[in-house]
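In what follows, chain A forms one complex with chain B and a second complex with chain C.
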Partner chain A sequence: MASVASKLYADDVSLVMVLLDTNPLFWSSSSLPFSNFLSHVLSFLNSILLLNQFNQVVVIASGYNSCDYIYDSSLATNQGSDSGKMPALCSNLLQKLEEFVIRDEQLRKEVSGDGLPSSMLSGSLSMALCYIQKVFRSGPLHPQPRILCLQGSPDGPEQYVAIMNAIFSAQRSMVPIDSCYIGSNNSAFLQQASYITGGVYLKPQQLEGLFQYLSTVFATDLQSRSFLQLPKSVGVDFRASCFCHKKTIDMGYVCSVCLSIFCKHHKKCSTCGSVFGQAQSDASTASNRKRKTSET
Partner chain B sequence: MSSGQVIRRAKYKTSVKDAGTPGVLKMNENKLVFRPNDPTSKTKLDVEFRQIKGHKNTKEGSNKPPWLNLTHDQGGSYIFEFESFSDLHVCREFVGNALAKCGEAAKAAPVEKVSSASKAACEQSAVPFSDEQLSTTEMELRMKLLRENSELQKLHKQFVIGGVLTESEFWATRKKLLDGDNDRKLKQRVGFKNSMILDTKPTTDGRTNKVTFNLTPEIKYQIFVLKPAVHQAFLNMVPSKMTEKDFWTKYFRAEYLHSTRNAVAAAAEAAEDEELAIFLKDDDILAREARRKIRRVDPTLDMEADQGDDYTHLPDHGIFRDGSKDISESQQELYRRTLSQDLNRQGAVVLEGRSVDADLEDPRTVAEALVRSRPETDATQEKLNRILRMTEIEDLRASHGHPFAPLCIKDPRDYFEAQQANALKSLDDTRAGTEQMKCSLTTEEAFSSLRKTISKIKTVGLNNPIVRPEVALMVFNGLTQNISSNKYQLGKNPQESILDRLPNATREELLHHWMSIQELLRHFWSSYPITTTYLNTKVSRLKDAMSQIYRQLEEIKESMQSDIRHQVSLLVRPMHQALDAAFQHYDADLHKKSARTGETPNGYV
Partner chain C sequence: MPQVKIIAKNFMDMVASLPAMKLDKLYANAFICEAILRSLPPLAKKYVLQMLYIEGPVSAKSIEEWVLAEGLSKHKVAIDRLIQLRLFTETADRKRETTYRLNPVLQGNLQKLLTSGEVLPREPMPSNVTGRLPSLEDLEAFALEKWECFLLQLINSSQAEKPTNISSSMMKIFQRGLLSQREKEAPRLTESGFQFLLMDTNAQLWYIIREYISNSEERGVDPADLISFFLELSFHVTGEAYNIDTLNDVQMDTIKDLSDLGLVKLQKGRKESWFIPTKLATNLSMSLTDSSSRKQGFVVVETNFRMYAYSTSRLHCEILRLFSRIEYQLPNLIVGAITKESLYTAFENGITADQIISFIQQNAHPRVAERIPSVPENVTDQIRLWESDLNRIETTPAHHYDEFPSREVFEGACDFAREWNGLLWEDSKKMRPVVKAEIHMHMRDYLRRQK
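Moving on, here comes the complex of A and B:
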């Protein structure tokens, strides 16, 4: 029995948690149609399952208002709902996805401000980590888990704390977070996530070749990855969001007790309640301001 | 001192023995000219400093007249006797500066391979030199630093000799460097010998009753310091009453009597010879001092009782000295000196340190010098200060750190690597940032369109083929390029750095420009805010030099081959940015100033 299990879970068996960005507002503005994106991703998932018969894929949709598991290859039955048109995986996944989108729409919330809203990346990251913890606790032998974020929506600074916590817990449990960012600009969250956990951050230049990127960079298991030279990001945007207004800031105040970050000086830390000294900070801000004006 | 020229009356001597020809010595930066007062005399001199190899001079305080000795590079030397030491010092410093300058120029010349330039440089740099009074040692230190550090030398050549910075400005930013060298030098002075001079043992030859004391200048000096009474007696008696030999003979006779412990004989001899008595008596000066010390003791302390506690007078007590017990005998108290007194005196003198650096050969001068070094007024306080200073042991103490932090500028290589990554990143960002799109749909519309696409893919199925071959090829090419380019950018190994892919000459040039820019910027920013016209001219000088480098950088960039031009431009960009910032600040400052002095726009340049 033990030998079967060890054969089952050799070091090249992977558990891939795929976080799918289903933010409708992003997809309606994206240059890559969602249908094309899905067909790339579905083919990619299929190829992962084909790489090793013990490979496992779990897909989590991170929507606009909520997130949910939409596919788990270990639970999948082989009968598809449609006959022969596409693999059972796809039809099951698409079915669940459609249901998820309808549910997501019902949990309506106000569209805030201008620019693209973000998707629930923090929630789906937490769900992925929970699933991985469950797998870890199932026994000493389990597939090698990793998380792949397929993200297009811009970062939501309000999720900063939750995402950073998720990143650190992933780092603690040695789960790499790979990220493939298909939106414009770069995602600082995902850059940091991949940097901290030792994953790969990729921003494809040719979106119509997405499948090629995915299969080249993200398909290999963790064991083989050590032999490959995967793209490295040149720089990482390490900017943080302040805890008070959830803005991304270059410079700010840090609580000396709990390391919370604020964009303005506060009398009291909102996280841990430490009371900050007053006089000194006033003087320093005054001098800072003075210096800035003199420089211009 | 008039700038760039020194004229002093002096005697020119061809050798030390020569009586010398009186005349006028005139020196400028390039040469020295000697014109004798007697126009018929043939001893005229006209020597360029380039031919002078070194210079020596007599010390003030020695019995030699103020001489300056210039060594000729053909082996001969010129000796000038001045009227005073102050004249000598002025000339010596001038010669030192002039020699240093010529030496530098001569050194710089082979690098430049233009011999005529060195002469020009020598003349050109003469002006900033003349306003400085530098000691020879400092000059030598600077030259040594320049010799050891070729980069520094290059900078020095470029800016100081090129007239952009003055000598003092150049070194002002390198104070630490100069200090560091000073620290390395051993600053310890020769202290006072810690062996008891009073232990000077007579040697006997065994056959006769003759006793021989060995006396060296060092011992004489020690005796003078340890025993003020002997010192005083020497000053009073030696040339007038007796010869030096007699004096020392008497002194050691007294010492010998002491060592034989023959107190009765000592007393008898003292009664006979009053001069001898001086040596046998307690040292008056010391005793006076001791009384003064006792007066300073806390009055609540009972000194008398303390004296009673002293049990060295009891039998079987006492201190071993010279093989016998030093038991105090009360009856001959006058002629007894206790070991503890001697020890205390020795200790005090050692702590006081050596105060006379003069030649020890002549006891008379030593004695006089000691008098000079012992000022009568406030002597005790001074002594206390001295002891305080001396007890702080030089080589165990941290160096006197100056309260300034040196401007930390890292190895340019690190900076280039970091900058390049940033530059590439920003390039990426700007490329990607253009395709930012605005969301124009409402949430409902967006959700419905998303649902529509999902149902569409459900009915249509996956794309076939998923990826077109040519797109896949592009992806592969892009990834390969990305990975291979990252390899050298991220390589921490300096061998893989971008700088090393450049031709050697270009690399050197770039690094040199980087050094020069750092130097210039350091001076530039440190001269703000401009408060004096001196700073004003300095800044405009610096600005000109910087714009020159700016153009040179442009030229380098243009002269590169196409395949590395981009890399070079990436390297040059931070330099240009730094210079641009300086120019901008300069212009803004100029603008502000002209606005402030609106009525008189011609007041400032």
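Moving on, here comes the complex of A and C:
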């Protein structure tokens, strides 16, 4: 099947799912203004569409309370020209983005949380994967999908389980997750995501030249990646979050039945309900603790 | 078979073979930049994008560092293509370091495309002027009908029911190479003509357009103008109406010919007239790359060599007749059989087994296209076997040596020929070896030395 499909469809046709971080709490503190960031990203989207007539771009905004599709180049083709007229692309995307940000803002008032500055990466990853599954099922001919996370907000440890599930599901369907992290420290989630799915993780040094980073590294189609020098991961932070308090830990307790991770000793596993024995003594507790550094 | 080269992929070669002046002029048009960028191999596209905002020259060495060792051959292909199309200009400085620079005109155009977008030279006409335009389905049917009609006329001028308006001199140009025209004899399809019929629509279209363009100079039209017009046309939106007054005289003449090929539909309103591009036109730039069009197939081949083609088209019937025996023709179905005799006629006409097989595979009915293989293996094997039946004898140019002075010299000569892998036959009693022609010179030198 694969050989037939590739004969009918050029190798470098790609579907790029772009996950856009729109967390206002992050952007207000970022050194790169959001408008500059957007203009880099818009040029990047245009360049992807420029490379091949069949290339498709879908943009998902991940806000701090919700996430939503804000642009899909396959829907735009019906009214605009086949390459997606740039002014149309910009205006469509910006309009949807504005609506989204306002909606996102309103949701916050209802929730009235303490405003943890992380964005809904888990939600947008799941949406991207759903979209890709839909494309896979549309027929034997489909573009090669990949996900690109443009993230700036720090990791939200409370999303650990959901994100890991999304990562493993992407790995199963052989969808690489590329990530471009604009924030100050490295993102452990995105490092793991790219490492596990075979994508590229990059933290640009000079944010003014973001477009050059994007076009050099992330515009590469999957076929060409096997021939090109791409940034390799230097070190990946494999730390996990505990299931009980959503804290990032490097040592903790692991349920022997379902592999849930806890920072403190519990009587019962909150995930699968297995009853744990009593911790005998301090010495044996220490040996039961499992280092969570290189596994996962 | 050198004639296979008529495949239309080489359109870009034609562009590349334009003189440098004209090529540079072409890049002034943003659409051509876009179309040409899309026609490049993936790696080359990547390089253009990467160099897009680099003003100065980049040394060949640093570009080579972008690729891994495995990709070096692809890298060379990409760079060659870029230089051939003058997208990259190569310069060698005093230290003999080669540097590349992106063509500045193209660079500017692509930068503009990325930031401000493309603007068609003409706007679609508002619907209150044009009234109701034909639907996309109607338009596709129109294009298909026109194109088939043209093809039928092309292969057999008398068979077309509605002759197209293409002048007979033009038709002659298209037929050149596809039909053999001997005097006082009905024209027959040549080898390349048969191959042409088995190509997919886009490839056929490009072949015709190539002929059209290469003939343009005789009519006093600049080929570069035509190429840019064709590529520009491919970026128009299917099904929208465009005012014909926006065209210049050359384009006006061209568009009339194009409407006969089914690329555009011409319509007249009360005051103005307009053209509506069809799928054939908008797919032009897409088919520049080797990804062929995705057309719905219609042929089912069974393991018993029977073939069912769900088609109403007479053209399809004619094409199938090239290599199979048509048995029944129902309103929407053509039933035929692939027989040894029918295939032999096809082989005699210069069609190869692989072409037939790839035609059946590419046009497989959706129901069988999902299966692997889409054509039963015993049928494809048998078609290949029947072809190889005809090629049982192989001829190799050779030299025959005679009258050796002694057995030692003869045996030495045989061993020498064996070393070169060129000994075809030997008769040791009469001391006569037969040796491949390509090593005759070595053989002669060897024998001279023995004397």
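In the analysis below, the second predicted complex is superposed on the first by the 253 of 296 C-alpha atoms of A that agree within 3 Å, B and C clash if a C-alpha of one lies under 4 Å from a C-alpha of the other, contacts with A are read in each partner's own complex, and residues count from 1 in each chain.
Just so it is clear, contacts are C-beta pairs under 8 Å (C-beta built on N, C-alpha and C of every residue); 3 or more make two chains touch, one makes a residue touch a chain.
Just so we're clear, the structure is a prediction, and the values are computed from it rather than from any experiment.
Legend: residue contacts after superposition of the two complexes on their common chain; A:Thr248 is shown touching neither chain B nor chain C. Within the superposed three-chain model, A:Leu141 lies in touch with chain C and out of touch with chain B [touch as defined at top]. Legend: residue contacts after superposition of the two complexes on their common chain; A:Gln229 is shown touching both chain B and chain C. In the superposition on chain A, A:Leu94 contacts chain B only, with no contact to chain C. In the superposition on chain A, contact of A:Ser43 is made with both chain B and chain C. Residue contacts after overlaying the shared chain place A:Ser274 against neither chain B nor chain C. When the two complexes are overlaid on their common chain A, residue A:Gln133 makes contact with neither chain B nor chain C.
Shared-chain residue A:Gln171: touches no atom of chain B or chain C. Residues common to the contacts of chain A with chain B and with chain C across the two structures: 43, 82, 85-86, 90, 211-212, 216, 229. Contact residues of chain A toward chain B in the complex are 22, 24-31, 33-36, 38-40, 42-43, 64, 82, 85-86, 90-91, 94-95, 97-98, 101-102, 104-105, 108, 111, 114-117, 184-186, 203-206, 208-213, 216-217, 229-232, 234-235. Contacts from chain A toward chain C in the complex involve residues 1, 4, 7-13, 43, 46-47, 50-54, 80-83, 85-90, 140-141, 211-212, 215-216, 219-221, 223-224, 226-229. The part of chain B that touches chain A in the complex is made up of residues 421-422, 424-425, 428-429, 432-433, 435-447, 449-451, 453-458, 460-463, 466-468, 471-472, 474-476, 478-479, 482-483, 486-487, 489-490. Those residues of chain C that touch chain A in the shared complex are 34, 37-38, 42-43, 45-46, 49-50, 52-53, 65-68, 70-71, 74-75, 110, 113-118, 120, 235-237, 282, 285-286, 289-292, 294, 370, 372, 374.
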